[in-house]
Structure formats: structure tokens, C-alpha cells
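The following pair of complexes shares a single chain, subunit A, combined with subunit B in the former and subunit C in the latter.
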Partner chain A sequence: MSEMQIVIPADFCFMPGVRACISRICAGLGFDDHEAYQIETVVDEICNNAVEHGSKTSQDIVVIGCSVSAGRIDFHITDSGNKEFRANEVFENNKRRIEQGWDLEEMNQRGRGLFIIQRMIDGMTIEKAGQGVKVSLYKIHHEEPAEMKYVFPDIKL
Partner chain B sequence: MEQALKMNLKELPGQEKIKIVEIEGAIDSTTVIEFDKKMNEIMSAIHQPGIAMIMDFSKLNYINSTGLTKLMGCYTGMIRRSGVLKIANSAKNIQEILNVVGAAKLIKIYATMDEALKP
Partner chain C sequence: MEKVLKIDILDVVSCSDTKIIKVSGELVMSNSNNFKVTAEGLVEKGIVYLIIDLSNLIFIDSIGTLNLINIHIKTRRRGGNMCLFGVNNNIKEVFDTVGLAKLVSLYNDMSEAITAIKKKKIG
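What follows is the complex of A and B.
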């Protein structure tokens, strides 16, 4: 198993770089473009939640842990906490809207990211981690794993 | 690294009821304010019913849920102006996102600009 960790300040401006990094890692592991895009998207959504709902200032950090084993990639994304985000409540409200249709007045409601996450990965758990929240997710590569092309150093921005 | 957002309003000669917005780059948390501002500028200049706004996604390489919320706001804005929002040339990955959040049920989506231009 290979592991890496990316630590970013809780600021949206780092997200394009994180996405590019995740995308290249996935491509290097043999995930096809579509799978890599899905993983990149999900990590982006969770990190955005961590910045918006799990951080008070850009002095807080978001830790993105990644581990790779045969045919599977896992991410553990932890925020600094101190804010409350009722993910289940948001998910259930928007599930109704997506299934039954959105009222025009509700169109600006947030929370669509949870559906993107649910659809694009194979598993996710959310748990408390100190003051913050840790989101763990994994995606399985459904073909034979490719030979590792990347070495994963610890990256601290 | 993905490109930041670029937007361009294009109007076709003799087709004053069609507005094409070419969108290049990403609509994400770093660009969504710019996207929203530009779209509000474009939509606030619409004063007559029956306008078709076509977003050309051929150079859009990423949109996240924050961007989708603003996109749905554009949909609402066009409905309120008695117009229509269409999307043309979206990549497969973008199309998937639109499907997942239910946007594809509301916004008219076309594989090509030629199809989107048809009344």
C-alpha cells in the first residue's frame, strides 16, 4: 500500500491544484479518464465542504490523506471543525427535490454536491474527528491495477 | 492546471432572440462569483420575452456543485424572463454531472450548437 498526504490551508484557491494533483494520481494508477474525473470531482466537493462548513478561517487546514492498494483508492479528508454541517438533513431535502422536481423558488438551494458524491464513488463514511469531521471514501478500479507510475511523497503546502 | 474561467457573449447577425455564451475553463469555487456576475450582467440586459440563451460548453472542462447552483439560477432567471436556457456541446463528464443533480431534466441540452440553434 502507498500513502500520501496533502495539507492545504482552508481556502478555495487551492482547490484547482488539488484537483489537478488527484487527477494525475488516478491516471497514474490506471483509472481511466472518466473514473479519474469522478474521483477528482468527489474530492473537490468534499474539500469545498471542508473549507466552507468545516473551517472558520484560512488559518485552518484541510488534510487530504490518500492510500492506494490493489485496484482501490481511498481518501480521508479531515477539516478543522468548529462549524456544524447537517449533511444528512441536506441530503434528504435535496433527494426529495431531485426525485420529485425542484420548485423554482428552491433552485438556489445548495447541497447538490452530496448527490454527486453518492453517485461517483463506491463507499463513504462521515465521522467526528476531534473538533472536525473526517470523510472517508473509496473507489474501486474495476480492471487489473496498472503498474504504479507515481511515488507519493508527503506534500505540505 | 486547469484554466480559469473565460466567458464570451456572442450574438448572431439577424438572430436577436438568441444569445450564445461561450464558457471556457472551470466553474468552481474559485470562479463561481465571476460566472455569477457575468451571467447577471447578461441576463439583466434581457428585456423581451422569447430569448434563447445557449451556453456553449465545448471548452468547459469542469463544473462543481457550487457552479451548478448558479447554473440553476440562470435557468430560473431565464424562466422568469419568459425565455429558455439551453446547453450545447457539453462533454460526457459534464453531462454526467448535469444528469446526477437533475439539471438535465430542466435545462434543454443539445449535443451540437446546430441542434441548439433550432427553434
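What follows is the complex of A and C.
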């Protein structure tokens, strides 16, 4: 197993560099363009959450750990804490909305990043890590695309 | 392909209430407000039919997607509409996942999108 770590200040301006790095790592490991895009997207969403909800100032840091084994890539993204973000609560609320149907007033609400994460990776856990939150996720190389878990109702306007 | 966000606004012949917004590069948390301000500015001026060209968009996150949804809602509330064209498969998957593909019409190219918007005006 190979491991690496990226540490960035809690500032969105560092995210293009992180995405580019993740994308190149995935390509180097044999993930195809679609899988690499999915991994890049998920890491981007979690890091954005870490900066926005898990950090108070750009003096805080976000640590992105990455480990690689045959056909599988794992990420562990840890923020500094200092803010409270109930990710599970947001996810459950939006899951309910999707199952019951969105209306126009709800369509502009946030929290969709969690669904992107769930759709594009194979597993995720969220746990406390000191003052902050640690999100662990993994992606396995799939021969066939994974089945979508949620179906959105038609809301054509 | 260039990753920096670039926004170009193009006219549609003989449609004063319609513009094409060409969005290139990455539409993400750190820059999507630029798109929001530009598109909202057009809607405020009465340009309530927007055709968004995403053929050179290479990455979008949930906030970029949310801004597209918000602009669509603003055009609808003013009696207009918004549609997209040139969406690649990776970005289409994001749109499917967050529900945008069920809300906003997606077309293959500019010609299809303009024709559809003109039909929406009549219908």
C-alpha cells in the first residue's frame, strides 16, 4: 500500500491545485477518465465542506490523506474543527426531500454535495477527530457503472 | 483546455430578451459567484431567456450547480426560461445526481437550444 498526504490552508483558492493533483494520481493508478472525474468531484466536495464548515479562518488547515492498494483508492479528509456541521443531519433531511419530492422553493437549498458524494464513491464514514471532523471514503475500480440509488421526480418548469 | 472560469455573453439574432452565456473552464465554489452576478444582471435587465453554453465547461461542483438552478428559478419567476447545451457526460452525471437534469432542459447544441427556447416563447 502507498500513502501520501496533502496539507492545505483552509481556503478555496487551493482547491484547483488539489483537484489537479488527485486527477493525476487517479490517472496514474489506472482509473479511467470517468472514475477519475468522480473521485476528483467527491474530494472537491468534501474539501469545500471542510473549508466552509470545518474551519474558522484560513489559518486553519485541511489534511487530505490518500492511500492506494490494488484496484482501490482511499481518502481521509480532516478539518480543524472550530465550527459545528451536522453532516448526517443535512444528509438525512435532503434524503427525505428527494424521496418525497422537491418543490420549487426547496430546489434552491444547499446540501446536494452529499448526494454527489454518495453517488460517486463506494463507501464513506464521518467521525470526530479531535476538534474537527474526519471524512473517510474509498472508491473501487468498477467494470460497470454503479446503479443510482435515488430517483428524482420530474419537476419540469 | 483552460481551467480558469471565462464567461462570454452572445446575442441571439432578433431576440432582444434572449442571450447565450458561454461558460468555460471550472464553475466552482471559489468563482461561481461571478457567473451568478452576470446571469442575475441579465435577468434584472429583462433578458429572461438564457441559453447556457457548457461545451467548454470542464468541471462543476455542487455550488456551481446550485447557481444554475437559482438562475433558472429567477428566469421562470419573470416569465422566461433557461436551458443548457453542450453538457459532457461527467457533468451530466452531476446534474442527474442533484436533480438539475429533471428541472432544466438540456440540448446537444446551440441550434437545438435556440429552436427550443423560441418554441417555449410561442407556447
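Everything below uses one rule, namely that the second predicted complex is superposed on the first by the 141 of 157 C-alpha atoms of A that agree within 3 Å, B and C clash if a C-alpha of one lies under 4 Å from a C-alpha of the other, contacts with A are read in each partner's own complex, and residues count from 1 in each chain.
The criterion applied here is as follows: a residue touches a chain if its C-beta (ideal position, glycine included) is under 8 Å from a C-beta of that chain, and two chains touch if they have at least 3 such contacts.
Owing to the predicted nature of the structure, the values given are computational and were not obtained by experimental measurement.
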For this session: Specify the outcome, clash or fit, for subunit B and subunit C once both structures are aligned onto subunit A.
Result: clash
For this session: Figure out whether A:D44 sits in contact with subunit B (first) or subunit C (second), or with both, or with neither.
Result: both
Problem set entry | Touched partner set for A:G17, first subunit B, second subunit C, both or neither | first
For this session: Would you check which partner chain A:I116 touches, where first means subunit B only, second means subunit C only, and both and neither mean what they say?
Result: both
Seminar exercise, completed: Check: subunit A residues flagged as touching subunit B and also subunit C 12-13, 15-16, 19-20, 33-34, 37-38, 41, 44-45, 48, 52, 98, 102, 104, 107-108, 110, 112-113, 115-116, 119-120
Problem set entry | Residue numbers on subunit A that touch subunit B, as the complex places them | 12-13, 15-17, 19-20, 33-34, 37-38, 41, 44-45, 48, 51-52, 97-98, 101-102, 104, 107-113, 115-116, 119-120
Exercise. In their shared complex, at which residues does subunit A touch subunit C?
Worked result: 12-13, 15-16, 19-20, 33-34, 37-38, 40-41, 44-45, 48, 52, 98, 102, 104, 107-108, 110, 112-113, 115-116, 119-120, 148, 152-157
Exercise. What does subunit C use to touch subunit A in their complex?
Worked result: 3, 26, 28-30, 59, 61-63, 65-66, 69-70, 72-73, 76, 81, 89-90, 93-94, 96-99, 102-103, 105
For this session: Spell out the residues on subunit B that touch subunit A in their complex, using ranges where they run on.
Result: 1-2, 26, 28-30, 62, 64-66, 68-69, 72-73, 75-76, 79-80, 92-93, 97, 100-102, 105-106
